[in-house]
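Labels A, B, C and D are assigned to the chains in the order they are written; within every chain, residues are numbered from 1.
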Amino acid sequence: MSHNSFGHLFRVTTFGESHGPALGCVVDGCPPGIPLEADDIQAELDRRKPGQSRFTTQRREPDQVRILSGVFADDRTEGRQLTTGTPIALLIENTDQRSKDYSEIRDSYRPGHADYAYDAKYGIRDYRGGGRSSARETAARVAAGAIARKVLPAEVIVQAALVQMGPHAIDRARWDWAEVERNPFFCPDAEMAAFYEGYLDGIRKDGSSVGAVIEVVAEGVPPGLGAPIYGKLDADLAAAMMSINAVKGVEIGDGFASAALRGEENADEMRSGNAGAPTFLANHAGGILGGIATGQPIVCRFAVKPTSSILTPRRTVTRDNRDADIVTKGRHDPCVGIRAVPVAEAMMACVLADHYLRHRGQVGAN
Amino acid sequence: MSHNSFGHLFRVTTFGESHGPALGCVVDGCPPGIPLEADDIQAELDRRKPGQSRFTTQRREPDQVRILSGVFADDRTEGRQLTTGTPIALLIENTDQRSKDYSEIRDSYRPGHADYAYDAKYGIRDYRGGGRSSARETAARVAAGAIARKVLPAEVIVQAALVQMGPHAIDRARWDWAEVERNPFFCPDAEMAAFYEGYLDGIRKDGSSVGAVIEVVAEGVPPGLGAPIYGKLDADLAAAMMSINAVKGVEIGDGFASAALRGEENADEMRSGNAGAPTFLANHAGGILGGIATGQPIVCRFAVKPTSSILTPRRTVTRDNRDADIVTKGRHDPCVGIRAVPVAEAMMACVLADHYLRHRGQVGAN
Amino acid sequence: MSHNSFGHLFRVTTFGESHGPALGCVVDGCPPGIPLEADDIQAELDRRKPGQSRFTTQRREPDQVRILSGVFADDRTEGRQLTTGTPIALLIENTDQRSKDYSEIRDSYRPGHADYAYDAKYGIRDYRGGGRSSARETAARVAAGAIARKVLPAEVIVQAALVQMGPHAIDRARWDWAEVERNPFFCPDAEMAAFYEGYLDGIRKDGSSVGAVIEVVAEGVPPGLGAPIYGKLDADLAAAMMSINAVKGVEIGDGFASAALRGEENADEMRSGNAGAPTFLANHAGGILGGIATGQPIVCRFAVKPTSSILTPRRTVTRDNRDADIVTKGRHDPCVGIRAVPVAEAMMACVLADHYLRHRGQVGAN
Amino acid sequence: MSHNSFGHLFRVTTFGESHGPALGCVVDGCPPGIPLEADDIQAELDRRKPGQSRFTTQRREPDQVRILSGVFADDRTEGRQLTTGTPIALLIENTDQRSKDYSEIRDSYRPGHADYAYDAKYGIRDYRGGGRSSARETAARVAAGAIARKVLPAEVIVQAALVQMGPHAIDRARWDWAEVERNPFFCPDAEMAAFYEGYLDGIRKDGSSVGAVIEVVAEGVPPGLGAPIYGKLDADLAAAMMSINAVKGVEIGDGFASAALRGEENADEMRSGNAGAPTFLANHAGGILGGIATGQPIVCRFAVKPTSSILTPRRTVTRDNRDADIVTKGRHDPCVGIRAVPVAEAMMACVLADHYLRHRGQVGAN
């Protein structure tokens, strides 16, 4: 058991605080012989990197990753760097731990943050920039996710998008995956992305913040991945997404909407398909039944609460239990959900890679 | 790693199929010296037992539990049976595996069921009554949950209720915990419970089914339980609830609604409280911040899809990939969400008991 | 983590006390489609069963096993019972829990037993027949081992033998595996087996007991099984054998004797072999290098201390810390090492089955 | 499950190859509030460091450790650096990866090494200096062990010593712990240490190597640590020690010698002691009964085979299965057992720290 590890056969252990010397992870269990360069990982990290638009924190971190172990290249590999099957350690040094006065958050608990909870648990916390509870930890997840993608069969495609900001949901009829990389919100609806620009500027200028809903989809997942009863693919996805900072809800397929359906509406009917696999006529189930992939796209959505670090003063208490007011200055994402998009992809890829190896272990199929 | 176990220090492993000789579980890691009689467990099992009203399956199972190990009584315990710290095995024999013709579900996949997924994974399945994927497995969870409750400090109260059936949500202003045990729906709103009676009769007579939303609340949880980053209390709850049959979504506190909030609305402000702990002015967070309990009530909701076994014919395919129609006869719950209520309590209790021991292990507090 | 489980992908959880209603295990992670009848398991249990000669305890236990879950047979399997990939629960009811007066071992600690240690840990113990610390628990291991053998490729042969009783080691030049099933000591040296008969009769009549050394060998293990650094095959074997009751030492290959060797003596030289694999000229390493199988026979030996339950009075203390003398009456094995032989095979088979699945998970080979 | 992690609640994950950029570990689950400076860890690393005498490898590594996370200091801690309960990452950069020609060990398998086994498993290996299978990995264990010592109660003292080199065992009557730090062999017998000097010089000049036996002792361990049945303290110690490079056997207490004893010799008799705990009259059991500590000193011994890297030519095969001769040049320990002494202490400390937290989790005592 490890509070800072996830996965079983593809197992990721992360470490590091927001303002410590470095953060990173160890990926254990990766199959051998997979081409892996630091650049492969860097490309994913760059998508999550702060400071890329005015809509994310202005902290300037290059998030440069180093591979410390678990890969090897020589003339027999024709110079390509391959995984060796031993643990892959990834290191990202922190460079922009801006020197500032932390006395306020040292002594007062920011509402909506983990400050009080950490003190209640440990009696001590690294309050600088949120310490271990900072979303900066997700850089390590994204790095691990880049490796997970390479473990999966090539036909598995994992993509995520922001589908709601504050109360404003996208129009799914306008969904275009190509749009996701064209706007600073990872939004698949170009029209709504344009609207978000003005909307989020207003929120930011108000010294406020908003929540969001992210949808992550995996296509090409082989039927059979996953496992009953407590190793269910959807249970593992729920834990993976809920473990992302600020996430308050997770759903698969129709999710909460399915509660309002009748049985005949909800059943995903089947017709005989080519290649011996059924064709499903709907995907209310989001690609998972009984905890096991059906071969349909896996669809997972999660809700991100609004950033708790806001300029609007809030009532709180101090460490020694006196009333106080607090304003969280500094460089914060007005909608922390935006940067959760690459994190969502990483977590989905890690869960699938883990189940891919677990399935292969028990059943032997590839 | 074990697909059929959950928890770490309070660890539950379940086994058994719907129509096999027996089902049960092994509870490992239970602290010693806790009074435990079979009757304590039976009381919880009786709440989940099928056939108690016309609104649940008419299968007649006494669900009689035997404790096979891990307890001891002698004159030094004054005849009281105490846990010994060794594994507690619980056994429930199946008695009403009605002999019937299973040829249809043997050869065809029921839409919305795990039938196809199990075959895709294992190439073989026990189709009788759903085999391992049957909700009958949850009896073992409820039994384990009865032990988990005894591991927790006496001030921790875990209760669940059905808060929505089909599209019909309760009126939270009428919430009365005492009502929950007074109607066959575990509904805390007496007025809505009366409405559900007619509503569900109609659904049942239509040969259809409906979904539901369940809310489970834990009060008195000591602040500090839980753990960053991948051992988060909410992540473990999400996995626990999502692992229950037919669950498609889980949320904590305001859940998906929090996506639409602004930062200043969502922050749970604090005032100095007695006993050195803060008083929170709201509970949008559902009692968990940064994965750690704050001492506020822990509030978790999940959506249950409509029962997939319905009398209305649905299109499907056979095992050898030919088109077919299927009607699922037999004894089925028209709203499987109802009996998920005691299961939800059990899963909450198990997750909390596990985190209680994990916290004590790392931090040493009681 | 589970104190009562071992293995990872082939995972065994045992339960039960010597004088409780039943003991058994849950085997999780078994691949699907493997033929498995209760008789397959019974055959192994019968080898370990007490009361088969005057050299083992006279307790009369049929050790009849029931399979409660995880298997299925129908016309499509042509009536053969196959594993389904879901957990296999095995149950053995205790029948000969002879009613007797346990007041002495209730109040006094038997030297060399776990009595005091259990009380120091838990504050309570089931003292009847040793409770959970009884070697009776190993019946569950043997049952699980019977399944493990079926998971392994057919060419893997696991055999064990008693190679030393008290100070009397066998003559390895006379080693004949066929002898093992012909004498009550599982001894591969017929001459020495004849000697043991008189020797152990003497020990038994003296009200004493002796230790033993067991050797377990696995042939046909595919090179590559095992894993660095903390999943080493030899480390897992060491833990598995040391977890057997009364075991005080474990060695692989030359073991402790290798400390006295020089480098050039100890190196297992290689010559090019057929089928592309090297031929080793010696096996000092016992088939494992760097924690990974080399394809040579895996050779593991362990020492079993003399049974602590003896008729010779020993000095001890009572539960309330007063001096006392104790004599352990009852039905005890004068050399508990004898019945450790089938247990050793079971543990070896379980460790190999686990590593077989783990290797397949990471590397994909079969 | 993780091949590169050990422990459960005090959990250590290591990474790194002999000639990669760095090695290190992540320690998860450490209790909060423990003073920890890099110097505390450095002191232990310096004991294991190569190149400190002519009897160990001449590789020059400063083994300088950096703490990357999991600690915090501010004015409230009075400048002392304390653990925070979050993962502690430790990094040791490799500096003396001497550039050399590795073509021989690239293409040929060194007998007694893991070379062939790694290739059989992974199909690829980092052969430079042994890659992941190098004893260099044990630096990370020693670093973790330094933290483990601080987790244990102050009265627990863990010490190890070399008690046999080649066939030459020490005289236990001359045992003096103070001697251990006074000679380059960690030998508690000054006279024998003097002998080893000449002996090992001879071995070294012959281009050979020898094995050794190490004994590690933990005093002050609270009775009750450990757990039946598969979490036995001795089983965990056996795995921990067997996982150290070149170890081929592990024993507890009398170990293999106990096989030759009779029951009345082996029983550790008890007399009533002060403070309510028994006084044991012997310690054949090595401080562990039924897998649980009795409060007596825990005594563990293990055998280390001779270093396989020797200057004497040995017969082997090449990667493409052709016969070859091989001589392993380079900087090697003539008796790798010497530097296993601080590693043994580290592994003992880690196992005890883990069981200390596990016991506290289940039973609640401190």
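Everything that follows uses one rule, which is that contacts are C-beta pairs under 8 Å (C-beta built on N, C-alpha and C of every residue); 3 or more make two chains touch, one makes a residue touch a chain.
Chains and their UniProt names: A, B, C, D = Chorismate synthase.
These numbers come from a predicted model, not from an experiment.
K.L.:
Let me spell it out: compute each chain's centre from its C-alpha atoms, then which one is farthest from chain D (Chorismate synthase)'s centre?
P.N.:
So the farthest one, by centre of C-alpha atoms, is B.
K.L.:
Same or different for chain A (Chorismate synthase) and chain B (Chorismate synthase), when you check if over half of the residue numbers at their contact belong to both copies?
P.N.:
same
K.L.:
Using the stated contact rule, I'd like to know whether A-D or C-D comes out ahead in C-beta pair count.
P.N.:
C-D
K.L.:
Between chain A (Chorismate synthase) and chain C (Chorismate synthase), what is the separation of their C-alpha centroids in Å?
P.N.:
Roughly 45 Å separates the two chain centres.
K.L.:
Calculate how many whole Å lie between the centre of chain C (Chorismate synthase) and the centre of chain D (Chorismate synthase), each centre taken as the average of the chain's C-alpha atoms.
P.N.:
Once rounded, the distance between the two centres reads 27 Å.
K.L.:
Go ahead and note the Å separation of the Cα centroids belonging to chain A (Chorismate synthase) and chain D (Chorismate synthase).
P.N.:
Inter-chain centre distance comes to 38 Å.
K.L.:
Please list all residues of chain B (Chorismate synthase) that touch 2 or more other chains.
P.N.:
If we look for residues of chain B (Chorismate synthase) contacting two or more partner chains, we find 1-5, 8-9, 14, 29, 32, 85-86, 121-122, 132, 228, 358, 363.
K.L.:
Contact residues on chain B (Chorismate synthase) for chain D (Chorismate synthase) in the complex?
P.N.:
Within the complex, chain B (Chorismate synthase) touches chain D (Chorismate synthase) at residues 1, 8-9, 29-32, 85-86, 228, 357-358, 360-364, 366.
K.L.:
Using the touch definition from the top, list the residues of chain A (Chorismate synthase) that touch chain D (Chorismate synthase) in their complex.
P.N.:
Per the stated touch rule, the residues are 1-5, 8-9, 11, 13-17, 20-24, 26, 28-29, 32-33, 66, 68-70, 72, 74, 76-77, 82, 84-89, 91, 106, 121-126, 131-132.
K.L.:
What part of chain B (Chorismate synthase) is in contact with chain A (Chorismate synthase) in the complex they form?
P.N.:
1-6, 8-9, 14, 109, 111-114, 116-118, 120-122, 132-133, 137, 164, 166-167, 203, 208-213, 223-232, 234-243, 248-273, 276-278, 281, 284-286, 288-295, 303-310, 312, 314-317, 321-323, 337, 358-359, 363
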